[in-house]
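Shared chain: subunit A. Partners: subunit B in the first complex, subunit C in the second.
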Partner chain A sequence: MYVAVKGGEAAIQNAHRLLADRRRGDRNLPSITLEQIASQLSLAVDRVMSEGSLYDTGLAALAVKQARGDMIEAIFLLRAYRTTLPRFGYSRPVDTAAMLVERRVSATYKDLPGGQLLGPTFDYTHRLLDPELAEDAAPAAPEARSEAEEAMPRVSDILANEGLIEEDGSLPEDREPGDITREPPEFPMERDQRLQALSRGDEGFLLALGYSTQRGYGRNHPFAGEIRIGEVDVEIDVPELDFPLTLGRIRVTECQMVNQFKGSKKVPPQFTRGYGLVFGQSERKAMAMSLCDRALRANELDEDITAPAQDEEFVISHCDNVQATGFVEHLKLPHYVDFQAELGLVRQMRREYEERHKGAAADTERREAAE
Partner chain B sequence: MVSRQERQALNEQRREAMAVLAKANGSDLLALWNEAGLPDDAKILRGPETGLVTVRGRMGGGGAPFNFGEATVTRATVKLPTGEVGHAYALGREKMKVRVAALIDALRQKPDLQDQIEDKILGPLRARQAQADATRRAETAATKVDFFTMVRGED
Partner chain C sequence: MNAHTDNIAQYNFAYLDEQTKRMIRRAILKAIAIPGYQVPFASREMPMPYGWGTGGVQVTASIIGTDDVLKVIDQGADDTTNAVSIRAFFQKVANVAVTTHTADATIIQTRHRIPEEPLKSGQVLVYQVPIPEPLRFLEPRETETRKMHALEEYGLMHVKLYEDIAQHGHIATTFAYPVKVEGRYVMDPSPTPKFDNPKMHMSKALQLFGAGREKRIYAVPPYTRVESLDFEDHPFEIQTFDEPCALCGGTNVYLDEVVLDDRGGRMFVCSDTDNCEARRAEGHRGHLSGEEAATV
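Now for the complex of A and B:
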């Protein structure tokens, strides 16, 4: 039974007013602008776009501001917004080989066409807090080196020549890629649906699961074959024109994980692969995604499923932080009636327990007296 | 009658021009448009309206396609008094930019305006985009690792 309880309206109103005040903070400081958030907290914005599953830096910056920097709240805001927009269609698959590369490293090949480009990375910094940043010190302009444009083929394409590594994943030609935002998920899933779920999955959750595979829970010894970050063209076919239209460019991070594989009854020993592709500069997330993608292919590769990261239903059902936060956080909403009902039940059970106990004690006493 | 090759060449030019417009910075495009002094008497047939496009990737980079997220896209369609219809689609939510891009797409179909549009709008935009890309490439290239080997011991 549901009993509607009124009241709390004024409290809610005042709470939201208080929230707006606290969000603004000290009025002696200038209010932070969306442009400042988008350009100076750009990796926070990237994470919100990737897990909010909506590429729009302005909206993601607004979400970060509105959520006071609470990432999952910001992701939630972006997800809610996207449901208000009409859908124009699906893009052509982006071509990451043609990326305007801003960073590209491979842990498997030292000398590869295009070279190792570190880009704007935290790697090799000493992780010491920088007091100069606390002041407003202007950084030096970036060094520039003009070089002839060199093609940067994906490492996986270089390795594929020897046949010691599996090909890019394939699905039946006539398959329309699954869309988990349109059809409710059903298990087992195809790899395309899993990749979509992983790409918008929670970075922390996927990171922990990826880490668990490295520590022996579903071991599949990985190498970072290649990580590349940069901008790719997005193209779409529209009915009004008989050629593909370029919509512009988006920044993505791609990770190709290469894994040892001893082979199975059907497949000879070779390297297998896990794939990660996410919006923005989100290297940790792309790496975690590719570890999880590989672990979740256990069934396809005839591996024993022994670890959480290999359990498709477990991983995919719990990687969405908007769903997770909704269910966990709903616990704080009023459950007064549910709780009253359970309280009544526990009281009754306690009464019965005590009666049984008393009865048993009386029995023992009687027996002892008789003896 | 236009031959198939001619039509393909025209389509390719139009596709390239629309790509330049879609990638343009909104304020750059509007500034160039205002300076160009081209006629702005088209009727809006659709939009400008903002919606979503689901972006696809390929597993492993070149394998089967999959959906990996959505992006905001704004589109507009305009019609000139002389009948030419122009379209524009661009990532983001800049309605003014997309309306102007659709106008330019329509005006480009008038042979007598093509040179003017090329000189005053598309050329400058293309040059800016090429310059920005070159800067980005050069800055990235400066972070390239130049490996060298230290020979240790005797051979």
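Now for the complex of A and C:
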């Protein structure tokens, strides 16, 4: 007899209880703390903050814990919280030249003012699983820098002094920077909005697109001019005060790609920029972002648009993993009303097909008999 | 329960902050002023995934008040999991009265169906829309489709329907069947079966469409012409079913096929569960509702 799919409410509650149980795992083991996640899985927390567009290590750690380590789920949790927060202002642009740098590398100069600084990097590690880490072996204390800090100008500024690279883009006086979380995006976009979308875009998607530009799909000859990771001040203007107030510091990763440009009717040959800036330490994301940013400037620089990475609507409409995962996963929802409609249609078309087929067979028989 | 209420106290009535509601209401007003036109709006992340009704939820959250009565259906039914989840969400964040009775509701949020019972003046039907652009599968670019709407350039859609006829002898679109609103904009009715299209025409209720992920809102005001696209020699037709509902005996309603066993046994039952229950309460019976009839 017919059993309706009733009891959705109880089923949902039970499923969520089971989820909470699985999330907790073996009760004989201590529950992982937010501090442990924030300090020992800090790159996961950084990714959640960057793609969740909310700088808060505590909340991001909570999201990672609640999501059982599922990055996109954690990003989603943080986004859904972020969207409820009121806006009380926009900060001044962060000054990455004044960054308290922990890592800074340039692939374009052997040495440069401020020097190359490797910092806490996976680069040049041999990817051999470390059995000692399975135990609780204490690592050696890091070497602290002793010499006085030297100013560390950005590579793009060094090139700009010679006029060999385009100016950093600047907004007209009367134009407020866009906010993709507060205005509906419209295509074609301005670069400020595009960079916002890329900065919160999915690391994997941008990585693949950036990679595709290197393999010839929209090639633009990049050099990693500079990658720097460190802390910058976030400042806001307060109307009553004639100096900016510092709200605090955030850790960011900045990547400036230097790209060839042969020049156009209006512009002399010079290097152009691809820009990446993300929360926390995420070099891969910042580099992928800057490749995509440069590729997406094809129109502005009069380049042929031939590859997916250069296609603004394609890249921006699909780079958000919260949107993507929602829509892909919505296929799990019931679709039986539409499926019923399609079922009816396919049955009708099958009937028509069989009738035609029968008719055709009869025709052939008749013809053969006549012959 | 107290811990629960303390916990949600940090959210505004109906979840969204008032600034956001104002922004969405303005988009809704614009949509009502230009029937069938897709108004871009700054869609928010909602605490449920994109593609699961975030557009509809934002529209409902922006128009709902304390004295509203909400009904939520998915596939025509009040008890499908996502409908249950969305209804529970509004009970939690807006503490509004909810109902499963179409006639009692002031706001009905729906996915994939329009209730069988004709809607009344004063009711609002909120559709959850996955892809608001009816031309999307013919032209993937938003920049292009917006131009096509602006120029009322719908030839591509007619060619598609014509190609169906040339190939199959009939139009092979069964749901999300395109309509023309008030003789101007071609509109996607959301993935409702084409069976429901005629219900949109000259409806007494206000129909609002929310697409959260695609950031669009559109509307059909009450008493607006909604015509399904067709040709003079191939007029629009809705689905028909060979048998009545097995539970309530209803005809001229949309039915779901339920597979009973692995030997081809199946039954057809109302997709609109409220309508089916109401009919059974009135004493109507289908051929498979035997033992229920005995208990009445």
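We take it that the second predicted complex is superposed on the first by the 359 of 371 C-alpha atoms of A that agree within 3 Å, B and C clash if a C-alpha of one lies under 4 Å from a C-alpha of the other, contacts with A are read in each partner's own complex, and residues count from 1 in each chain.
As a convention for this text, contacts are C-beta pairs under 8 Å (C-beta built on N, C-alpha and C of every residue); 3 or more make two chains touch, one makes a residue touch a chain.
Since the structure is predicted, the reported quantities are computational estimates derived from the model, not experimental observations.
K.L.:
With the two complexes superposed on chain A, say which partner A:Gln66 touches: subunit B (first), subunit C (second), both, or neither.
P.N.:
After superposition on chain A, A:Gln66 lies in contact with neither partner.
K.L.:
Is A:Glu352 in contact with subunit B, with subunit C, with both, or with neither (first, second, both, neither)?
P.N.:
Once the two structures are laid over each other on A, A:Glu352 reaches subunit C alone.
K.L.:
Go through the superposed model and pick first if A:Thr108 touches only subunit B, second if only subunit C, both, or neither.
P.N.:
Touch partners of A:Thr108: none, neither subunit B nor subunit C.
K.L.:
So, does A:Pro184 touch the first partner subunit B, the second partner subunit C, both, or neither?
P.N.:
After superposing on A, A:Pro184 lies in contact with subunit C but is clear of subunit B.
K.L.:
Looking at the overlay, does A:Arg82 come into contact with subunit B only (first), subunit C only (second), both, or neither?
P.N.:
both
K.L.:
After superposition on the shared chain, which partner residues are touched by A:Gln214: those of subunit B (first), subunit C (second), both, or neither?
P.N.:
neither
K.L.:
Contact-wise, after the overlay, does A:Tyr90 reach subunit B, subunit C, both or neither (first, second, both, neither)?
P.N.:
first
K.L.:
Identify the partner contact of A:Ser170: answer first if only subunit B is touched, second if only subunit C is, both if each is, neither if none is.
P.N.:
So A:Ser170 only meets subunit B here.
K.L.:
Look at the residues of subunit A and decide whether subunit B or subunit C touches more of them.
P.N.:
Per-residue touch count on subunit A favours B.
K.L.:
Residue overlap on subunit A between the subunit B contact set and the subunit C contact set?
P.N.:
Shared contact residues on subunit A: 82, 86, 181.
K.L.:
Going by the contact rule at the top, pick out the subunit C residues touching subunit A in the complex.
P.N.:
Those residues of subunit C that touch subunit A are 11-12, 15, 17, 19, 40-47, 49-52, 54, 74-77, 79-85, 88, 111-113, 130, 141-143, 168-170, 172, 174-176, 191-195, 213, 215, 239, 246-247, 254-258, 260, 267, 269, 271, 273, 288.
K.L.:
Within the complex, which stretch of subunit A touches subunit C?
P.N.:
Listed in rising order, the residues of subunit A that touch subunit C are 1-2, 4-9, 11-12, 76, 79-80, 82-84, 86, 181-188, 313, 317, 322-323, 325-330, 333-338, 340-345, 348-349, 352.
K.L.:
List the residues on subunit A that touch subunit B in their complex, please.
P.N.:
Counting only subunit A, the residues touching subunit B are 49-50, 53-56, 58-59, 82, 85-94, 96-97, 100-103, 110-111, 115-120, 142-147, 149, 154, 156-157, 167-171, 175, 177-181, 191-193, 195-196, 199-200, 233-234, 236, 238, 240-250, 252, 254, 256, 273, 275, 277-279.
K.L.:
Write out the stretch or stretches of subunit B touching subunit A in their complex.
P.N.:
It comes out as residues 11-12, 14-15, 18-19, 22-23, 49-73, 75, 77, 87, 89-93, 133-145, 147.
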